[in-house]
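After this come two complexes, each holding subunit A, first together with subunit B and then together with subunit C.
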Partner chain A sequence: MNHTLGALEEVIILLVLREEESYGAQLVKLYVEHMKKEITLPAVVMVLKRLEKKGMLKSRMGEPSAERGGRRKVMYEATELGYQTAEEAIKAKTQIWDMVPKFSK
Partner chain B sequence: MSENHKTPGFVQWLLKVFCREDYREEIQGDLQEIFDWRAEKSGLWIARLRYLFDALSAVRFYQPVKTDYSSSGAMLFSFLKSSFRNFKRHLGYTSLNILGLALGLSAALFILQYVSEELSYNNSSGADQLYRVSNDYNRFGNMIYESSMTFSGVGPAMEQDLPEVIESVRLFGPGIGVERDVVVTRPDKPQIKFKEQKLFFAEPGYVNFFDLMITHGVNNLDKPNTAMLTPELAKEYFGSVEDALGKRLKYNDVSVNLDLLITGVFERPGFKLQIDADILVSYITMERENPDFFVNDWGGNSFVTFVKVTEQAAPRAIEQAMSELTLRYKPGYAERNEQGEYDRVNRYFLTKVTDIHLNSKFQNEVGPIGDANTIRVLQAIALFIVVIAWINFINLSTAKSVDRIREVGVRKVMGARKNELIQQFFTEAVLINCMAVLLALAFVNLGQPLFNLFVEKSLSLQSIDLDRFGLLGVIIFLLGTALSGFYPALVLSSHQTINALKGKSKIDSGLFLRRGLIVFQLLFSFLLIIATLTINEQLKYMNSQDMGIDMEQVLILRGPVVSETRGQENIPNIEAFKEQVLAIPGVSQIGTSTVIPGHGILRGNVISHVRESDSDMKSIERVVTSNDFLSTIKANFLIGKDFDKTMEGYIPIIINASAARELDFADPADAIGQILYESNRYERRVVGVIEDYHHESLNRAIDPMYFVRNEGLDTYYAIRLNSSKVSTTLDRIEEQYITSYPGNPAEYYFLDEFFARQYKQDEVNSKVFSAFALMAIIVACLGLYGLSAYAATQRTKEVGVRKVLGANVPNLFLLLFKEVFLLVAIGFLIALPMAYFGIDSWLSNFAYRMEIGGLLFVLPLLGVLTITLLATAQQIIKVSVMNPVKSLRYE
Partner chain C sequence: MSAKSPHNPPRLICWLIRLFCRGGYQDEVMGDFLEIYDWRVQTAGLRKAKLRSLLDALSAIRLMRIQNNTTVKFNFLAMISFKVTLRSFMRNKFQNATNVFGLACGFMVFLAIFQYVYYEKHYEAFNPQAADVFRVNNTLLRDSTIVYQSAESPSAIAAGALEYAPHVLASAKLHHAAGTNTCVITLGHDLASSFNEKKIYFATEDFPGLFTLNFLEGTPDHVLDQPFEVIISRSMQDKYFQGASALGKMLILDDDEENHEVLTVSGVFEDYPGNSHLEFDILVSFKTLFTRDGRGDLTARQLHDEVWEGRPDYHTYLKLAPNTVHSDVTSILEEKTNALVNYPGYHYAYDLMPLSTIYTSAELRSEVKSHADVSRLNTLLLLGGFVLLLAWVNFINLTTATAMGRAKESGMRKVLGGTRKQLVWQFLFESVFTGLLSFALGLFLFSFSFPYFNDFLPVAEKWYIWHNIAPTAMILSIVLVSGIVAGIYPALVLSGFKPVAVLKGTFSTSKNGLLVRKTLVVLQAGISVFLITGLLGIVKQVDFMIDNDLGMEPEQVLVISKPGNLNMQKEQTQDVKALFKARLADKPFVKGYAVTDALPGNRLRKGADINLTEEEANEVKSRVIYVEYDYLDVLNIPLVAGRDFRTTEVDEKAVILNESAVAALGLTKPEEAISKRLYEGDEWVTIIGVIADYHHTSLKTEVVPMMARTRNRGLDYYLIKMEGGTNESNLAEMEEVFTSVFPGNPFEYLFLDNHFVKNYEQEQRFGRSFGFFALIAILIAAIGLYSLSSFITMSRSKEIGVRKVLGAGAMTIVNHLNKDFIVLILLASLIATPLSLWALDGWLTAFPYRISLGLLFFIGPGLAILGISLLSVSIKTVAASRISPVNLLRRE
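What follows is the complex of A and B.
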């Protein structure tokens, strides 16, 4: 099983973790707010499906709602594996970052 | 927010196509939510745009639907594969098919180029509000002239007095009349000089009326002595566009010398211009120079006048108002006769600027004239050639279907459904059509230089007016492809499985249709060939007519423009030059004239028996000539003689036979010695009457003309040569011209060539028609070849039986050819009356027309028969000489 995370995968899984349980549209909104750039929904959903396949997320069908034109949403939640992989990835990066000499000027 | 924004329907459809089904609900729901959010945040348009991106991006979820085997993806692949296999197996047939279609399509593309350009004249952005003003003149109930140009007072009067007229523009082209030549010189380098035929004095509005783009400098045409030119001309004079700005040029014609400042450089627009100027000089320059004629004159019709009217304006009402306005500006025209009608009447006409080129009826139209009927006929030809090509395709594929019966049978047995077979054959048809388009484009690119040479234009695929023909062309092409694809597909797929397996084809049901199609092709070919032949014959007829003068070996040399002396002071110079030219070996006679045969005639001058009286005036074309001009062109004198030096103390004139009749001389001899009055007062004595000669193209009747002597006008020198070394004589004449008239470029041509220019359009048409006739025939022959191949194979067994019973090869050949012959005969019989009436109505345009002879029809018939014989012979012979053992076993 592939346990590495791509850059976009990392952001998405972090956002899912932050919300505990989330879905595509919400993730797009969060992404746009945090990253200050646009993203298309299919790109996000693609990542979600891939993470699910890797076993880092699990999904369940939500309830239909009026604001989605009566369509049901798919809710995603991080698994144990997802949580750990994300943590490791962030930790590794933070460690490296800490060793970076500070930029004066 | 509780209410959903509506998302674009098209994008939803896109999403449906792109996104796999099991994700669709999730994606659509999410997208709806995001759409609403974005609409709140950044507005509806941004939201829609992002929505579109999202939908397009959903293509990553695309998943070809895997269902049973008949579904599109895999089947299409299979169709394509077997199509190509089939093409390879019947390579000859396929190439014949593609070639025929490609030929038809390329012919149509060529025609569209030609037609588009002809239709593009004056098609400027504001063209629907632009009109050209022309007028005619009636005196005592007689039409005196109809002119495309009008008076200088007309434009300003319309602008001032008629509220519907927003703006008027006058142009004056000194080079378009016959009276003046224009030479433009660079003052600091006098050796750089050119005769400028395309120089116009124009008012500043012309630039906006016709979308000229000023690339450098400014439009200063409202100031005197300014000029603008095209980049090409700027380069000719100054080497580069930038260097031209702010420079000066010297303008000379026979009456004025001007100093011009170049203030701008203009680029021609993307469409053709009826008045195609190289240099525009400000009109006000001439208003200063010659105010009587250029400011507000109502007598000289020399001004091309355009008006821009309001959107609601009715052109007919403006014409009416103008005719009434004339009385205010021409009080003399208010006189009425006893019946209360006006003695003199000017009527004015407004022509849409886009209609000028193809619908002009004026002898003095400025710029090239086309013919609306030719354009209509060409469009029809384009359509018919393509239709013929498709007919061909249908014939060839159904004929070939005999070979593919077994394939159909096997496919059916293997479980192919009927609509799958149709799809298979349809795929082949579409592929062949597509390849034909590619090949046609290649043909057009390769043939373009040749075609351009033929029609003497510089056309390209870009010339095709896509706004006009684009959509129509695509629709016709799709329709044609669909029809030509479906018919064979239907025929082929409808065989009974059991018969198909046996290889038996019973598709006689479509035979009648196919024969009908062939007859149509032949009919069309006949019409084209007969048309080509007719045009050629009429041209030949006109060229072989006795012109009444001898134009061969007559050199026309244009008179000088730059000259120190004017008018009568010129006589010594002209006399001296004539003497010197006559001294050159190979020159036998010389004379001058203001008009030469081949120039259009505008009957505006008047002559009468009685002095100071209006009632007896006749309008007759006036030509000013010197001694010996008429003898130089060998006009035949009925009585009297040409002007010579013995005629002193009076001004002699010579009239032609028509003029003698018009002036009521019962016998030409009665005219000799009579006094006539030019313009009511100038006394002239008749010294000769000449036979009518053809001064204009033979599509016009001969006009009455008179010739008056004046030794001081040398617009043209006519020089009769009797030399065997023409080029040496020409060199000597040119040398003499340059020595005698320094500062003038020598320009000369032969009179017969000049005269023949009038037939140019007919000659081009004849060439265009013959080229397309050839293409149509080739395409039609491919069809015949296909049909005869089909017929021959169908009758293989019959031929075998006949052979066994003792028929010989020629008998069999005749038997088989009979069918083709019948089709040709039917096509010919239908073509006959159509062609006859077509020719008759075309010939009615000509004052001198040939007889419609039987050869016009017999030759095409023989030609087509020979060609069809050649096209079908191979197949027929193959069947006729086949060993009967083989043919009996056939099937």
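What follows is the complex of A and C.
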């Protein structure tokens, strides 16, 4: 099983972890808010499905709501594996970052 | 199911998502998509949201599951070989390039016209509230005949409707400050920086909200709710303060009724869009009016806010709740107004006009702008359609012609196992592709020549139309459909041939195809004839109106508007005006000086009913102008009988009529009218003179019965006849006199003859657009004929060779080949000439003074087209006739 995370996958799984449980539209909004750039919905959905296939997310059907034209949400939640993989990825990066000398000029 | 989301994305986009998205994900993605769309509309605005949603939809193709079912959806893609398309394009480089270029020209013209017409027909579209805001129109009726219909209403309507009528959510009221007065804005106390302003209105505090003014400085809340507040447009900010912040700055407003108000700027708004029926640069708080002097026994507040009947001087706008029945509102207003009417038979009616239809409906009294001429717009659109049709005919013609040359190719493909379906798709794709290519080139040409035709087809912005989904979709579908239709004939015919017949060479161009092509040539030539006739007619008519004798001499007459700011004067107003006149009279170049309230070249606004008896049946409707006594002299209007006014004071009860008025009164000779008593309105006056009819407004309107009277106050325009000296030095001298006599007023002038020509601007613009489009149309037709002739000469090369071998000269062959075309062109002229003359005649009936359609109109356009066609056809035929027959016959 592939236990690595792409750059976008990493952001998305972090956002899911932050929210504990989230869904596509909310993730797009959060992405735009935090990353300060636009993203298309299908890109997010693709990533969610891939992460689910890798076993890092699991999903359940949510409640329908009016603003979604009465359609159900699919709610995603990180699995144990997802949590650990994300943690490792971030830790690895933080370790490297800590070793980076201060940038002069 | 619960209520739908408040904002729905375009249906096309939802459809795309459903098309792309794999089954299992559809519900989830669609729901997320709707939610995001809604969120984007709220955070980024509708336009951004639509754009992003399109990107979303397109990228949804990533969610597609590739399976058998998918290939069925998209399997036509597999039938198309782009390489073959490029090869066949390159094989006929020149023909295809001209083909593309012709169609591109057509698209360019069509885009320019379509955008202009769309712009003109969709005024107020920028205002999101436009659908709920209505203007109150006011009609006065005597029994059932209309006395007047005004765009303005009495002053109490705006507040009254809000108070008494249900479903009225808000109301706003405008009063034109510079309607009859000259308004002067002065910055601080510096008299040198003063400006005459026309686009200045008093507005109530709800106005900025209803008309969605975009504030650059200040806030929309509570603006204009105090007296002496003013908000100005960005261009006024630039003009007055060179772009520096205007908030809190002081503007002084003076007008010639001696009002003098010190205003404080409380906001700056983005210039109001040109596609509105309103046009304003300065809005003064309405309550400022309440501080002025009252009139008669009314206080200013009563006058400007509480009059229910009469004095319709206020543009009034109501915002209604959705689905309000108009009569619920108007009946209440009518009841309140008509209760006060005490002349028998008279009553008022109100109607509510949606903002968006104001600009395209008939002009009422006191409109802010002159309205669109809808029939002219439709003519233009028809014209654009024609040009596109011409280009499109070319396109079909050439696609068919080149496709015929590919009969062998399609035979070969079939032999190698190609199916008919594949061939059909290939041909369709090719013509759609060429169509799209032409469209792209057309867009480029459009962008390139935009500055040129924006002169006569002005729109606010180059790519205006692409902001609107519906017209964009329409244009794109025109492009697609024209591509498909052009490809259908070759696709169906060529793919249907039996490969054996084609490859053996027994295949020949069908008679049907030739007939179709000949018809298309006739259509093209006919449209060209029509366009040339129209162009000729318009140009001749405009020239006729400009060159025609007006019955007076506007040349070398300078017009100065009355000064608006007389508050700087210590002495009495009358003396200053006399002083101005006396100082001018000293100048050697001033030959005459007159004052009038009706500027020649403008519409005559004041009406008067005149009567020789007291019986109502003998009443004649006439127009009246007020002048000082040198008027006839300055404009050199000949007197037919009687005398001119002697002085203004003595002749207050004397009138001068024009010949039309004399005739309308039933008198046969002008001399009979002299010294007759005339009942005018409510007083008896004496006719002292009769002048020859002259064109006061322009040659677009008929001379009407007219009466001149004298008066020495409230006259708006000073006319100065100049002779000798250069314009520059004369103007400098006059400016010096003007500013010393009327300090604090800008010196603004115009020349009367130029002012007259302005009346024909619309026709001149129409003529220019016609000329430009006719030129393009003829270019397209010439391209079409040229390529068609090259195709025909090529397919008849064997025949030419044989003829040459048998001794035919070059000339004989050219004549032989051209003969077919000449017959077609003549046929086209024969059909098109009467039709176009009929249409031209219809256009001309709007003009009371018009040209007659002479011989030139009957044969000129036809001959022109014949000449152009022969030229374009002969290039190829002459070349063909000079090739050695050996080369022609050897070619196999």
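In this section, the second predicted complex is superposed on the first by the 105 of 105 C-alpha atoms of A that agree within 3 Å, B and C clash if a C-alpha of one lies under 4 Å from a C-alpha of the other, contacts with A are read in each partner's own complex, and residues count from 1 in each chain.
Going forward, a contact is a pair of C-beta atoms (placed from the backbone, for glycine too) under 8 Å apart; a residue touches a chain by one contact, two chains touch by 3 or more.
Owing to the predicted nature of the structure, the values given are computational and were not obtained by experimental measurement.
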First, second, both or neither for A:M35, with subunit B first and subunit C second: neither
First, second, both or neither for A:I90, with subunit B first and subunit C second: neither
Residues of subunit A at both interfaces, subunit B in one complex, subunit C in the other: 23-25, 28-29, 38, 40-43, 45-46, 49, 66-69, 71-74
In the complex, subunit C residues that touch subunit A: 1-6, 21, 25, 27-36, 38-39, 52, 55-56, 59-63
Subunit A residues touching subunit B - in the complex, by the definition given at the top: 23-26, 28-29, 38, 40-43, 45-46, 49, 66-69, 71-74
Residues of subunit B touching subunit A in the complex: 1-2, 4, 19, 23, 25-34, 36-37, 50, 53-54, 57-58, 60-61
Subunit C-facing residues of subunit A, complex: 23-25, 28-29, 38, 40-43, 45-46, 49, 64-74
